[in-house]
């Protein structure tokens, strides 16, 4: 009978109408400013710099400029710190990220060998200030390792473990360079 | 003396001497008419505000979301915010538009519909103008909307506006016919063109059931035809071609901004209230309560309840159905609704002729026979229309 | 599908005047391609389409390529008079090999489900003799792709029914996908300039340019 | 009316609302966007108006297809040079008061595509942008956040005085010049009266 | 007076020099002096509610009948290919997300496939499974959204679109949990995938796959039997089998015209040969067939997903030889293509041995599927143009690149 298909459709919308009052599967709105969805750990928005301890001195970044080079839209700008004699130090004097260009692709995170740049989960950054509000400088970018743990617990723990292992290896190497024999013994001891 | 003046007079008597002195002035026909106009406009405008909110919330619920809920508690002030914004918005008239016609079009749209609203009986004694030929007046005045649509489309000097206007004219004229034909049945059966009398004729309830026209086979068919044609007349989905967003932007309203657009918008809703009101009056018993034991509730309540129900039906349909194409719309009107409406006459005549049947179960028998005719015609015509266009469900095969 | 050398032999037999050449692909596992001269390109494509063993009726992809003029240095042994006697010396000659625009077609067959067959055509140079035959009379799928190549590379397809710019606006003068295209943009506000971007924005950022 | 009188009236049960407050409230709660999507961000804009996020809660789900009835232009996506004249024209066609949200990196600055020859490096070279949303694309929540930012901006506007909004100033243009397509680039490539980039100062 | 809608002007494939013009000849309409006044030229787009972005069609109408249609592209031409030639291979990966911004996963896959062909990388089995799962999920959400948008073009006040987006959000949640972004996943890498599945992800996906048929049933009840939908879609924009092949149409649109050509079956890239799925075919090639085929393909995608989610092995997710930095494939060229939801998405790469591709070309299914837009629209009503365009399923990011 003609018209039956229309009635079937009407039935479906009516079901959704009434369902929206009792069935959470049919009322899917998350009323944003009051309710916020928990982001998954992997969620990413913009990069930030991780520091341990001191917000300036504790930055993990060594100003190697790999991320600057690899960043597809070229939104990172790094100038390394120089000491009095003009020698470049392993520390960024300027670290700017233009979030008005950043596309959040995470490639800087992937290529960083020092686990110093990570992806943030902050997305409420809309602003009326075109020039001031959209360039993140070093102080705005620096966020503590605790914050990193807070937003990405599993990943941060893994990174910490890796860094600790790395440091240990470095120390062991340094010790080995100083006095070969005891260091070798130390490494042997560590093995289960 | 109209009910309004009666009310005023009563109020004057009750409150005291200074108001009583106003009584003479208050019963002056000019004052009475002005007050009636103000009440109709005010009440409908308020109702319009409520309905826009209801529509946005209802559509939202159909679509699994809450709809406006920030402006005021539960979003009830949303129409107010829209109104404030609309009124204060800049009014743009395109440079090369026909300035005068462009200005007049919204007014020409709104004014006749307001007049049409004046002849509807909202309750016992609650009719602004009780005309003997109310139905005739309603249709005569209602057609002016087509003129307004064309004025708007022509004067805007926009191709989409023009397309929209052309569509609006074609559509409204085509659906005028089934609309009028479906009401003629009621006029024929009631024997009056006065809306007040038509409502009065539906009051008598048999066996505690309402005596509304919709409970007769010709009334049911007439009502469905009327509803379809009314949706088309008021440009509601699935017949919202003249302003089909996805095709021709805003149709004849494309170039209107600010308050003029709001007037168009309002006129469109007023138009919907008017035809729905006519439908209620003709088929749904007007202000009558569904059952005699509910008669103590004021008639205006029933009228508004029925109006809200009808409008909600329109919203429901709008939330579900896609729109037809222009030529399909014409086909639908001329080759489906028209024959059906004509056949409905025959059914009504049959119903009238068999009124004298006396054997037990005669009423049911009459009902079934008449309904069978209409339903059979509906199915046959529908099938034929779909088959002619080779439209139907398909079976798909898979690659081996 | 038959191998490319087999096909080349068959084509050479069918079109004795056509110049055919197999262009080897340096990447292992990927098919080599067949280079056809512009004059017989359309005929060869028609053969590929209608041949019963090939039935390459699906022209999937049309690509433009820009090969710049190359300066080739080669060592030549020449005889020179040196202190009265003739000796043979090595001389390095610099020769400019004219660049060309190339169009690469990828054909597939829907009934036989094989492919791709890669066909290439080259223009004579990059400047004034950039005509190639259009394959639109055979394959409608080339219509927009050839327009795109005309737009971005400047290859003129003879026989195309509607050769206009596809992506850039009418009145645009350049062919931006060419390797030597220089964009007109002015990077006056670039807070993070470095690398290629700094090259473009150098006028506005002399200080950054200095310390690189 | 001074504050004392207002609070006194409030104590008496009379709530006074200034015309300015009412006007700003009405405007900010009924922002109808132009149904105008350019690229990827448009999908997130659509997603923001869909059931999960529901822009309608703010009264802003009425995506008008005609610029004449719209209040807000959400520049959602890359503005190419080919498209730029149309974007400016659409803006000019909108009635005052009108607002612009630059949604996503491309609309703000050209974003990842800023090195393209056909990409406009930020829509603010031709239009006055009220709110910028970085992100590529910004989440739908970020769009809602931007809408709330815009609402805050509107609510805080003074209708008189030197810092009244653009549409009430006589010296501010109601329309912006539409660029034309030249042989190599847009002509002009930017609206110099509008686009005044800041001199970049680096923190030492 | 030439009637443009007449079939003799329709395109006939053939060799040049044949009696009939092989290529469609469109006379300039302004030559027909006496009828000029009756014609209405309108420019639909670039800002139009149903052009799916910034697409423009120059229409000539007689009444409401289309007698000429010229698509105009380039309003979203953002120079993806040029930028890719100036950056490294890896840097182009996030840009591919922005090609067809509904289907970033399949775009990633197509690009990764082309580079893997170029560099001879092997993809571990687990990564292949993940790729198939994400690609089929992408297909589900793309087709669902397409149908929603098509209904929007038909004028259904957004309700089907809302339902489609309701389901899409669930899939996007999965993508976000996996890759970190809703739309721009940037998930695949040359020789595998970026990160392994997060814990619980498979379970969530299984639940989604189990629930999805309910949504499909709802959609079918809402739309497929609806007389208005049938009347609007059936018999509109019919595309013949010959023209479809000749014009390089691919994807569901090609199969709607009755051509059995699914690259998942033909090329058997990835590990599609391990899965049982059927290829639905249309008989009429009209809008309704295109619409229904997508619905049927969604059901087939579910048939791929179920065993894939069950059988997924553990193991590495990326080829150990794949390098993230200093990736320089040897000189050569490769063409990799996959069956993206919109059609055949191919990447043609030419390497000159440096870190940047010498030529990076995207074969955009959306653009090539539009080749026949004018043929489909001639003689139809202007209201049909938008639904024909909707049923072609284009995304402007891919059309203009």
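Worth pointing out:
The letters A, B, C, D and E name the chains in turn, as written, and every chain counts its residues from 1.
Convention: contacts are C-beta pairs under 8 Å (C-beta built on N, C-alpha and C of every residue); 3 or more make two chains touch, one makes a residue touch a chain.
Everything numeric in this text was worked out from a predicted model, so none of it was measured.
Following the contact convention of this document, A, D is the list of chains adjacent to both subunit C and subunit E. Common neighbours of subunit B and subunit C under the contact rule above are A, D, E. Taking the mean Cα position of each chain as its centre, B sits at the greatest distance from subunit C. Counting C-beta pairs in contact across A-D and across A-C shows that the higher total falls to A-D. Chain centre most remote from that of subunit E: B (centre = mean of CA atoms). Nearest to the overall CA centre, using the mean of each chain's CA atoms, is chain E.
Subunit B and subunit E have CA centres that are 44 Å apart.
Subunit A and subunit B have centres, each the mean of its CA atoms, that are 58 Å apart.
Work out the mean CA point of subunit B and of subunit D, and you get 38 Å between them. Inter-chain spacing, taken between the CA centroids of subunit A and subunit E, is 32 Å. Looking at subunit C, one finds that residues 167-169, 176, 189, 191, 196-197 touch two or more other chains. For subunit D, residues that reach two or more other chains under the stated contact definition are 35, 50-52, 54, 57, 65, 82, 112-113, 115, 117-118, 136, 139, 197-198. Listed for subunit E are residues 48-49, 74, 77, 79, 82, 86, 94-95, 159, 162-163, 166, 169, 184, 222, 224-230, 400, each touching two or more other chains. The set of touching chain pairs reads A-B, A-C, A-D, A-E, B-D, B-E, C-D, C-E, D-E, using the touch definition from the header.
Considering their complex, residues 167-174, 176, 181, 183-189, 191, 196-197, 200 of subunit C touch subunit D.
Here subunit C touches subunit E in the complex through residues 25-30, 33, 42, 46, 50, 57-61, 63-65, 104, 106, 110, 113, 116, 118, 136-145, 148, 159, 161-162, 165-169, 176-177, 196, going by the rule given at the top. Listed in rising order, the residues of subunit B touching subunit E in the complex are 59, 62-65, 159-160, 162-163, 166-167, 237-238, 240-241, 244-249, 318-328, 386, 389-394, 396-399.
Contact residues of subunit A toward subunit D in the complex are 28-33, 36-37, 45-46, 72-74, 79, 93-94, 96, 98-104, 123-134, 137-139. Considering their complex, residues 68-69, 74-77, 79, 96-98, 101, 131, 135 of subunit A touch subunit C.
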